[in-house]
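Following this message is one structure expressed as structure tokens.
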Amino acid sequence: MITFFLVLLQSGNEYNGGAVVAMVGKDCVAIASDKRFGLELLTLATDFEKIFKMNDKCYIGLAGLATDVQTLSEELKLKCDLYKLREEREITPKKFAHLVSSTLYDHRWGPYFCEPCIAGLDENNKPFICSTDLIGCINFAKDFVVCGTTARELYGICESFWEPDLGPEELFEVISQSLLNAFDRDSKSGWGAVVHIITPEKIITRHLKTRQD
Amino acid sequence: MARRYDSRTTIFSPAGRLHQVEYAMEAISHAGTALGILTKEGIVLAAEKKVTSKLLESMSSNEKIYPLNENIACAVAGITSDANILVDYARRVALSYRKTYLENIPVEVFVQRICDVKQDYTQHGGLRPFGVSFIYAGYDEKFGFQLYHSDPSGNYSGWKANCIGANSPNAHSILKQEYKEDMTLKEAKSLAIKVLSKTMDSTTLGGEKLEFATLTKKNNQIKLNSYSSKEIDALLEEEKDVINNNEEN
Amino acid sequence: MEVLLGIQGKDFVLVASDALAITSIVAMKRNHNKTRKLNDNVLLMFSGEGGDSVQFCEFIQRNVQLNGIRRGYPLSTKAAANFTRVELAESLRSRHPYQVNLLIAGCDPDTGVPELYWMDYLASLKKLPFAVQGYGQYFCNSTMDRYYRPDMNLEEAKALMKKCINELKVRFIINFSDFVFQVVDKDGIKEIKLE
């Protein structure tokens, strides 16, 4: 068991691969991920979505060990649904970020090997994004957040593509181009992508066909 | 004689009765009425709010009808604080079932799980039973819309229409007379209002004294529609004839 | 050193499991059953640590059956697969996690929709049109990629399965003398011969 955790601590985040990115626009946010599911360098499926809807104005993207992505997403969904039933309102992204943080920290000494990116609009429709590390340290950001095996590549390209006050369509273009070009340099992610643009009125979801190699 | 067997929930009296459980049921028969009517199109839940004062600040919108899960809601009669504990437990049960199986909990399994807890408190010593009865309205893929009733002893049963709380024997006989297998949801709504108008103590029905909800299925989605007090007033206006007829009788 | 294969056709799932029980370098047995029926229409196939896999799968089998009795009708493939995942994920964080890799094949008895799930010892669950578990992955995935179609009938699926088994015979160092082939469709689970 101890060996299992040592192996995972070194490579848990890199075993299945994946890329998630979230960006702030003008009165909107975008979150996107790749769709690959693999075991190290062997690709098994190309329809594995890593972005989960918590409510109409709050999404979370989880990159890392697939089993923990699944466990954590289901646990968070349960907590959001319970919040909604008890409080009779939807959870806001900022509150949700703290919920994610404390959920991750609950497992401080046997962590879930995945890093979340959270994107949403708060009760006044103000954009909110953040990411956390695998034990729940929150990183608030005003521009973009990235995670997964493609994080390094994403940082560079988002840094040069992103600019303030992008509208929904421009934001879609920027986030798609950033993600596509970043994961082309990463053999553990890619094989199609999905982009969600969250605006006060509606959610635009688009699936992108990309290089299949 | 009865005294010796009164104070303990877990001890049968020589007559073979559990007094505390019976007292709990008695408590419920003083609580605000709650009723449910099952139709092919969906389920109607309605309840009477007992305490109404202009000074009372309503904390949450509902105190008698609670959503429990995507596919289940319940109406409560009895001690509200006891109900809150069970409602919270019920929500956890339903959500963790969905987390494990990625599908909604079948209604009867759900009702059984709550009744297991209720039963527990009639058998394990030192505690009093839950002073609540529930009417559950639920939907699942296999058995469609279902209406259940559970009491403090942990017994549960399926119904086409049922009523709990004050004046429930009265309400029962009206439901028995007027319930029809092929009722529409609209007919069920007016039957619910008729029953309430006949059984409630107050002379005039109003949005602030009632809670009303329907559970229906649209485009494969189960929807619980809780009426606001304005919507209830509008509904009462629509059903004016039903209420007036009652008064003449 | 074990191989499990599954192909989902248009209204069935064809699965194959090797029948070899291995301890160290010794073949202990050549008729080892590596499958368990979860209910009439869902089959669980396992490979991995000997004791772990049988113990875990029988635990799952009994619990899925218990749940079926409790609610009065059997669990769907998706529900059974996800229940298995939750149990394995929980064990993963315990002191002694089960070392077991699984395929779950099922077919809805009412709608006839077939489903095939792949799950590794880390409890990552994925629904796939065709799946291989064990070293066979490195030999058979490409063959299946090339010849698989979602609307295959049973004969075509059998032919594809034969191609995969052949590939293993030619390239894999282990000689699996026997495979057990089963078909899961809306009428239930039955063993078949490939010839």
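Going in written order, the chains are labelled A, B and C, and every chain counts its residues from 1.
Simple rule for what comes next: contacts are C-beta pairs under 8 Å (C-beta built on N, C-alpha and C of every residue); 3 or more make two chains touch, one makes a residue touch a chain.
Note that the structure is predicted; figures quoted are calculated from it, not measured.
Common neighbours of chain A and chain C (chains touching each): B.
Of all chain pairs, the one joined by the greatest number of contacting C-beta pairs is A-C.
Central chain (C-alpha centroid nearest the global protein C-alpha centroid): A.
Among the remaining chains, C is positioned farthest from chain B, on the basis of C-alpha centroids. Separating the CA-averaged centres of chain A and chain C is a span of 31 Å.
Chain B and chain C have Cα centroids lying 46 Å from one another.
We define each chain's centre as the mean of its Cα atoms; on that basis chain A and chain B are separated by 42 Å.
Under the contact definition stated at the top, the residues of chain C that touch 2 or more other chains are 86.
Across the assembly, chain B contributes residues 99, 102 that each touch 2 or more other chains. Put simply, chain A touches chain C in their complex at residues 1, 4, 15-16, 37, 39, 42, 44-45, 48, 65-67, 70-71, 110. Of all the residues in chain B, the ones that touch chain A in their complex are 60-61, 67-68, 88, 91-92, 95-96, 98-99, 102. Residues 74-75, 77-78, 81-82, 85-86, 88 of chain A touch chain B in their complex.
Of all residues in chain C, those touching chain B in their complex are 70-73, 75-76, 78-79, 82-83, 86. Within the complex formed with chain A, the chain C residues making contact are 85-86, 89, 92-93, 95-97, 118, 120, 122-126, 128, 131, 137-138, 141.
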